[in-house]
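Next, two complexes with chain A in common: one pairs it with chain B, the other with chain C.
Now for the complex of A and B:
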């Protein structure tokens, strides 16, 4: 709760700081704000508090996921250096919107009442609609903003209809009370269709937000058009918070009605894994490949959600952290390179190993982590998910996921091949000190997660 | 709200359910078939209003105020969405002099 209050007041304060002439002060200040929020958030560990008539519960689950999203935002920020250098007049607004959207992310992981889930999703999404269209003169960014907005609010409408039908069937918005009503009613023929339809619509609405197939089709278009800096935020924070909220809804409310939704989610997982990985192979644009890659990682996270035992919380947490760190590193490098070479395809990375050894090494490591090579965080992320799924007898799904991970190596390694085996396509790329520090930190974190996964694997 | 008002009970709950679902489906069909961004936007608002109506009906029949409080939240959020959405549509209109979504085809596979 303290982190929500702090983020909101820092966001407003930051808007006032935006009036100052020099834009240089804004980024260090926002980093300081986020560091304060990160520490204050962790202070509440092991101390469960409820707020607003039990509508929000800040427990270890919420604190851990808040930590992940705040840390991700801290790591994303250094790549805004170009906006600072250009003295972009809306810099403070961008950062304030990021701070405000974090409030939504925290509400999504801490909710106990569907009202809070809805408000959280909307706070996060509305900020994202603005940021997706923030490059006002660029037609691609305009189009991304409009597509994201129309698709997102359409999904919100469907989600709301689902929530209302659940309310009609159970008479409550509290997820714990829905659970007892859902278990009692799943055999009752009279109200069960209402609850079933409500669950279906809610699933569709949330799947839209976390881009699980068959509701993923907006993702590649929106991610490609969105400025890379905000794409790094969108594809990590929204996904981590969305999956935490999704898991909480399914595990608390609908654990008793598992036979209703399990087949549907299994089918969605298979389709997501296939579309994400096979779609990514066909791309020539690195940015679009990363969008498909985020769909495929949504598929792996769905496996953790389906396995549904005491390990899956930890698996989702670990996987989201490993995925977020590697994705931010990859997209950060894409932003640095694309700003100077004006290209978001694989060709932009040609010969980067010779001109910028540091960038190329960080990129190679984050690609290995996304692909799931041992010694990196992504390997243990996948391992935890698969071992959680094994307890649920989902062996065939694990085999499919491993096959799809093998497909993933193909498109992740294309970047590495471009970096080390092609002739340089341009000059040496300039990197700011802060950005290189962030990149090195992310690489270290990836290795720490890959060598000592025990640090994080049992905290929930 | 301890007892259900007499007026509400004169119409059975199923009627509210069918009416709201019909409105909602009209909204969905509108979103899927119309090609003008503003009309799509109006259809989304129609979906939200169908939800509001159904919430109020359920809330009244269950004598539970929570549903009606939810309606206020939906209205507030929908207002925020309208602000952002219309701003995005105006931005596109400035650049393209049109709000037809068929023009927007820069981002494709």
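Now for the complex of A and C:
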């Protein structure tokens, strides 16, 4: 709760700081704010608190995922250097929107009441609609903002409709009470068709937010148009918070009705894995590839969600963290390179290994982690997810996931090939000290997760 | 403790080499590799000839998953560690006449790869084994793809995707086995040995693990990445791939496939033998038709590995012992041959048999070295190849006479392509390419002499090595035939 209060007040404070002439202090201040929030959040560990008539519960689950999203935001921020250098008019607004959207993310992982889930998703989404279109003079960014807004608000509408139907069938918004009402009479059967309808609509709404197929169509277009800086935030924070919320809903409210939603979700998982990975292969734009890659990782996270046992929570947490760190690093480097070479395709990275060894090394390690090669966090993320699923006898799904992971190596390694084996296509790229520091930190974190996964593998 | 030292020294040395500028990096890397070899020799002297896993080092890694950092060495591990630590300094030394760009990265990657290889041969925990299995792949991919020949990018990419695809299956197999262990799960190798799986399960697991190992070796028909990759890689990478990395696959079969799913093996061993024997004949016949020397040796390698695989899958003591000793011999011979090809290529800038000839006239020393290594490969008695191939063929004959007879053609066929190569390259008329051919230099002799000594040592006194692995092989066969 403290983190919600802090983030909100910092966000408002930050808007006022935006009136000052010097834009230079904004970024260090926001980083300081976020560091404070990160620490304050962790102080509440092992101390479960409920707020607003039990509508929010800050337990270890919420704290852990809050930690992930706040840390991810801290890591994203250093790549805003260019906005700072250009004295961008709206710098304070951008950062405040990021802080506000974090409030939404925290509500999504801490909700105990479906209304809170809805409010959280809305807070997060509305900030994202604005940020997607924030590059006002760029037609693609405008398109992205509008597209995301239209489709996103439609999906939110469906989600809300689903929540209302669930309320109609069970008479409550509290997820724990829904659970008892939903499966009161017999096991594995919903009490009313109304509830089934509500569940379906809720699933559709959330699936849209975390870009699970077949509700993923917006993802490549929107991510491509969104400024890379905000795409780094969107593709990590929204996904981590969305999956945490998704898992909480399914595990608390509808655990008893597993037979009903299981076939649907499993079909969605298969389609997501296939579309994400095969779609990524066909891309020539690195940015678009990363958009498809985010769909494919949603597929892996779905496997953890589906396996639905005591390993799932930890697997989702570990995977989100490993995925977020590597994705932020990759997109951060894309932003640095694309800003100076004016190109978001694979060719932008040609010869980076020679002109910028540090950037290239960090990028290569991030790609290895996203692909799931040992020594990096991504490997244990995949291992934990596969373990969770195998315990549930989902062997065939794992085999499919493995085939898709092999496809994944194809597109992740294309950028490595471009960096190390092709002739440089431009001058040395300038990197700010802060961004370099953030990149090194992320690399270290990736290795720590890959060498000592025990630190995090069982904390929930 | 020695095992941990063997494992971490190359990694540490690799990191240090990264910071050495210019061509001094190669000297530093060579020094580090020699130190590693001395440590391995010390371990061999300390080794007690019994079936126990020795020099164990155990550290919980991911405690709540029962995954441990468990390394150690029995006879089989020790022999392969010896092979690795013996070859890596020679491979580094063999690169001295080259001046690769970014030498610090090149040599650091070789040392990192050495760490991965040692890890594979000493790991006694399934996930640790998988971990090092992949760790060994990344450096060699970069060595081949960055410093390789013209068509290196697509070819090494194919190699990378192909092998990683196989190893992912192995990972699934391990995760499945992990969940079959009783109680709080563990990935310890002895727990895997004690599993009681039914025949269907074993049959499935067999394929999950076998595909990974078969691609690495490579067994026909999983070999399609191999000739191109060997040809396009820089010589040092080819040596690492053929001399050591290929043994990872065979070692995996011996340690992680046969004892864990013996019933699965007994269901499929006929098929594997047939595939291996097809590989022997197929690789040899294609080798006869090659004009590019590197490709020729690459295809011959498919033939030799086919015989090793066939011998091991007979599950006889002869086959196993022969396979293990042949791993050592093949590593030594193939590295020597690739080095001689490298010498020829550096002086004439061609590897085409048609453009070579008459080299013997100016190079008495090189001709002798070449002939000895070649005869070792052809398995002439008194050379190392003979011991291994004799035991292997004896194993295959015990399994099935017909298969033994067909596998035996390897000796004739390898004589055909090897002698044809020698004839085309070394004898005949000198031409513009070879008329000024210089004999071996001091550095080159320093690489070849240890190899030739080993050819004779194994050929004349194989017991030094056979006695090393005998108890461990007996122990494994005991588990398999339980």
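A few points about this structure:
Here, the second predicted complex is superposed on the first by the 453 of 460 C-alpha atoms of A that agree within 3 Å, B and C clash if a C-alpha of one lies under 4 Å from a C-alpha of the other, contacts with A are read in each partner's own complex, and residues count from 1 in each chain.
Please note the rule applied: a contact is a pair of C-beta atoms (placed from the backbone, for glycine too) under 8 Å apart; a residue touches a chain by one contact, two chains touch by 3 or more.
Values in this document were obtained by computation on a predicted structure and should not be read as measured data.
After overlaying the two complexes on the shared chain, residue contacts for A:252 are found with neither chain B nor chain C. Of the two partner chains, chain B is the only one touched by A:160; chain C is not. Of the two partner chains, chain C is the only one that A:458 touches; chain B does not reach it. Applying the stated contact rule after C-alpha superposition, one finds that A:115 touches chain B and leaves chain C untouched. Set against each other, chain B and chain C touch different numbers of residues in chain A, with B touching more.
Once chain A of one complex is fitted onto chain A of the other, the partner contacts of A:31 are absent, as it touches neither chain B nor chain C.
When the two complexes are overlaid on their common chain A, residue A:137 makes contact with chain B while staying clear of chain C.
Of the two partner chains placed by the overlay, neither chain B nor chain C lies in contact with A:358.
In the superposed model, A:13 makes contact with neither chain B nor chain C.
Of the residues of chain A, not a single one touches chain B in one of the two structures and chain C in the other.
Taken in their complex, chain A has these residues touching chain C: 368, 373-375, 379-380, 383, 386-387, 390-391, 395, 398-399, 402-403, 405-406, 409-410, 413, 417, 420-421, 453-454, 457-458. Put simply, chain C touches chain A in their complex at residues 61-65, 127, 130-132, 134-135, 138, 142, 145-146, 152-153, 157, 160-161, 164-165, 168-169, 171-172, 175-176, 178-179. Every residue of chain A that touches chain B in the complex is listed here, in rising order: 115, 118-119, 122, 126, 129-130, 133, 136-137, 139-140, 142-147, 149-150, 153-154, 156-158, 160-161, 163-165, 167-168, 171-173, 220-222, 224-225, 282. For chain B in complex with chain A, the touching residues are 17, 24, 27, 31, 37, 40-41, 44, 47-48, 50-51, 54-55, 58, 62, 64, 66-67, 69-70, 73-74, 77, 80-81, 84-85, 87-89, 91-92, 95-96, 101, 104, 106-109.
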